[in-house]
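Letters A, B, C and D mark the chains in the order given here, with residues in each chain numbered from 1 onward.
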């Protein structure tokens, strides 16, 4: 029973202990402790995941508001992603954080964010979810402003306030839902009372829209995406990796939970809300890619890329049919691993060379071949070239889009996805090209092997492999997903 | 009331005189003129009273040659009132005049506005 | 018994300058003893209250000064008596740095009695009476430092409060003339037979009286005294200008709305609409001003303005649920805000810093204070699991339940305000804990947490914030009972 | 007829004669005589009040046993006796409280003159209160004016003389109008005794004759008395007169003299014209409007004022506005409220004047606010008393001001049409009162760096302090146990009819 609590509470408590502890731990001790905690948490989470369908009410906030945990397939999916990315990025940061200060603080918040994310995945009703959603914001913004430069602090605050803004917009909806739903427990197909839906239908559509916008902030959806490109470059690379790979996915998870488990897809389908949502998602996809294309700073470019890619997922959710939904879930995984890898490689590059702009990185492929190979492979994945994970997910998304009953977006959607894929190639590959083909005037004399230490390369490699594996064996995942996806649609 | 005033011209005159006196008392800046206004005002009222008390063809209410019949005399009360009023008026006028003298000694002017201006200059 | 608990603090206060205390600690023990004794008596009284009314004196005609314990009084008196001992303890430590200690404690302790008088008043006149006294007793506290700023602040405070009372007074008159009695009866005492066709006038008077009492509750546009009054010593700002005085305003409005005019009379009228709009505006206005303010205490004061209007927002929804929400926030906000004010006071006491931009890096020097400040900030924002979430939840729930579209907009205001709260509170926290890369902690090397007299109250409040956040059901049930007239 | 019934006559004569006696006494003896007379009159009024409360009806005293309508009459009811008693108390306290200041401000040789004026003033006030004859009333109005004028100018500086002249001019305008109105009334009715006039007036009203002259006459009398009692906008003379005369004079003038005129107006309304007839004229509306304006503008002027005495004087303008507003409501309740306010204001305003002098004394004699800073610490008694008076003025419960506000508001609510205006102005006026009085209170409790002024302790000013305490007690008594007073007023008004 209480097992479900462990992966949530253990890292949070560990993190708090780290933060509160006043003594300056030696670097080694700190690394070992944090590492152990990470591994233990991962193990606990996976153990908890094996007990599917388990549910557990911790206590009641008020009579109608239980703090309730429940594990279903969606939880498993997101939780797995979380565990893997957090472990990889965690180990990466042991090496990376050498050149940052106040590591203890960083690890403390890192662990807390981990626990909170687990809680978010396991949350069984809207209130519990909201609780962890807020906590996630609060525990992750210190990661963003960790470096302590003025820009980082401003970025952190920007992230904080955008997120809170989104959270409160959705809280607006929650207030109303609470009184018009039989329960706030996540139930496939929605829990909105029929009477309320029929009587104040338009108002509840408005609420749904508010909540989409609100949670969409976290997922970087236009028009509230501006925090993302600021926050990512400011944060330390492993933090950006988790941020981009997992934490923004919390927004996606939130939208899945709200739309499919609270309102019910049927309530939204065919309304103006769906149309607007689709439009916003597509705008974001295109805009994100364009901005990334024009961006010279590597991490910022990746951040824009995240904006764009997340809206692929949102597009899939907004289409509301099985294929698109499956595609979205696949893209969650694929993008998680890919973007994680990309940020980690960017981190490795910054760590070794200290350069941040794409133009400065000529010949980097010669210096750090392994890292750059990983970079190239996952880039191809993100563009959507088979046999990587990105191809499969985009395939499903496109099919779903074409099959969807969504008017003009039926064609527009896949078209934009394609254009965006081209742009993706346009902004990711130049680094590969420059890195491996520095041109004739490149001075090979200065070249030196600067491959980072294994603590960095192994996580990168591991995640690269995972992203390829998803592409190679998508059916395993798709099969497990199909069953329960059909219950949602 | 209009026709009545025309018939009772005595009262009308009294009222007009009263107004003249009143305006003078109120608006003149010269203190002496003010006092004159005061006296006009008071006298107007006495005129009014006397007019009220007078009954045509009768004598003043002083028993002269043994006629004690009420019909022979005018109403004595207004006359009494007038007398009292005059006493009051005289004393008030006296007080005003004495005040005026004091002010004049101090400020060498009878103009109330100028006195006020000088007072302001004194600052207290 | 009832009169006793009002008199004990008054007497204790008067005795402070009179008695010859040889040592400061004797005085502290005496005062703390008196306050705690009184609080115990209050709680005893609240728990063993009888329905009967205690008549102190006839005033004029059928107006009288009398006391009674009912649900509302239990809430307010319980709150006040719960906070006062801690605040006094805190004040001992804080006042070591200030002058005229005796005068301070004289009025500070007297205020306790007066506030209880407001809480326990059985009719509108008695409440009005103590309400005015409260103004008078607290003025010396505001002008305590006797600086020019303090004088101006106390002047403004007086003008506003007395002026407000003047308009509240008109409401009192209305209730006297058009009501069956001035006693507080849930549901109102207006006599429809007497009202006749004067509905609109009465509503207008209600709005005026609302604004009148609203002066103390810092309703916009009558709020500017509150931030200015922040020049007072922190125990005053914290306890009086976050709890006792301003909550008296809110309390009085609740009494006026629910117990005198009656919600039945007001519900759905233009008067309700007006006051809701005013309250909503205040919520947003207070927060926006807090955002612009860089003086810590003034920032918190603006925050108080906004939060007080949360309470009023609940109150003017005019349903039992609304009242429940209002009461919840009345109590919870008191704990949260007093906690954050005490933190601000501790900072000022330890470091003499009073502007937000001076706080860089203090978080590591005073971890307890800033930790607690963080908790209270989060609570004020309404993070689930802390007290603020519950009260906002109840308020919003009531608004949703009222099916009043204006109240829906009110929810939006609440949330907007929550966001702004987050910005102005967390920017302090972030500054304190994340001072930036090039931060030099040399100048604040010797700063440390204050001693136990300051920390104990802080910890207790924090514990309550968390307890209220996690397990609020019993107390919210109690509020609901109060709102529906069970007590 | 009981012996007690002679008391009104006795008190008038006593004070009148003692005035004459004072002219040949030295200053100190005159002072003693004056005090004794005031006390004696007070005692007599008290006994009379008790007697009247016992019998429950008013009586008429024929001067020289000439019956109506020829003789001159004195009439005493509960209200008259109560008013006389109250006037005596206030006058005694004011005299006692301001006595020490008198020596500084008035030449030694003129002290006995001062007491003559006071005694004359007392007698004229008593006569105004008791008389049943219109013309007698007029004569005593003039005596009152003359003695008040003397009180103002007894302190021989330019300001006071000028103020006295202005006061005289306005008063004479007022009494001229009063006299003219009175003559018209006499013309219409043929009577001078109030009760007889009233009978004739009601006959006139029933027959519908002479309506316009009647109204003109009433209006003239009202305007005359309004001018004399400084109703806005006829208040221009007031601030100087109250602000610069010696403190006892100011206290007495503001709290008693103007109240005497107002009381006469009340008598005219009730006993000459008849309450209902008066209410049916448009005059009450005019009074109401001017009352409201007075409340506002008086306070506004007070706010602008930079001199504590003048500020208090302007505050009187506002308070007189309250009283006329009560008249203007045209209800019994409004009238009760007004009469209560006469008492309350008299008690408070004289307290304020006396306390203010205590404050200015410790500030180098300056009355400017800037010099008064911190005066409350230097003279604790005066500071506390001033605070109490201010609170009463603002209408804080426990003090008399609250009760009058309460009564006014309750009265206002019962008047259709005037309710809202009255209530709102009442509220605004309270705010304004709060502004200028609280400004002062805070000022006297603020601290300056400059502490060159001496402190005064209880020993230095025993009498002053005791007087202040007594004033505060009177004030609180009125505020706390107002019900008997209100009952008495109601009873007295009932006796008027």
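We adopt the following convention: a contact is a pair of C-beta atoms (placed from the backbone, for glycine too) under 8 Å apart; a residue touches a chain by one contact, two chains touch by 3 or more.
All figures in this text were calculated on a predicted structure; none of them were measured in a lab.
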Open item on the list: Using CA atoms only, can you tell me which chain is the most central one in this structure?
Closed with: C
Open item on the list: Based only on mean CA positions, could you tell me how far chain A sits from chain D in angstrom?
Closed with: 83
Task: Inter-centroid spacing, chain D versus chain C (mean Cα positions, whole Å) - done: 43
Task: Intercentroid distance (Cα basis), chain C paired with chain B, Å - done: 67
Task: Residues of chain A touching at least two other chains - done: none
- [ ] Name the graph shape formed by the protein chains and their touching pairs; answer line, ring, star, complete or other.
- [x] line
Task: Chain-to-chain touches, reported pairwise for every pair that qualifies - done: A-C, B-D, C-D
TODO: Name, in rising order, each residue of chain A that touches chain C in their complex.
DONE: 20, 22, 59-63, 65, 101, 127, 130-131, 134-135, 138, 142, 145, 147-150, 153, 156-157, 160-161, 164-165, 168-169, 171-172, 175-176, 178-179
Open item on the list: Could you list, by residue number, the parts of chain C that touch chain A in their complex?
Closed with: 367, 378, 381-385, 389-390, 393-394, 396-397, 399-401, 411-412, 415-416, 418-419, 422-423, 426-427, 430, 433-437, 439, 469-473, 476
Task: chain B-facing residues of chain D, complex - done: 135, 138-139, 142, 145-146, 149-150, 153, 156-159, 161-162, 164-166, 168-169, 172-173, 176-177, 179-180, 183, 186-187, 192, 212-213
Open item on the list: Under the definition above, what is the set of chain D residues touching chain C in their complex?
Closed with: 391, 394-398, 403, 405-406, 409-410, 412-414, 419-420, 423-424, 426-428, 430-431, 434-435, 438-439, 441-443, 445-447, 480, 482-483, 486
TODO: Enumerate the contact residues on chain B facing chain D in the complex.
DONE: 1, 11, 18, 21-22, 25-26, 31, 34, 38, 41-42, 45, 48-49, 52, 77-78, 81, 84-85, 88, 91-92, 95-96, 99-100, 102-103, 106-107, 112, 115-116, 118-119, 122, 124
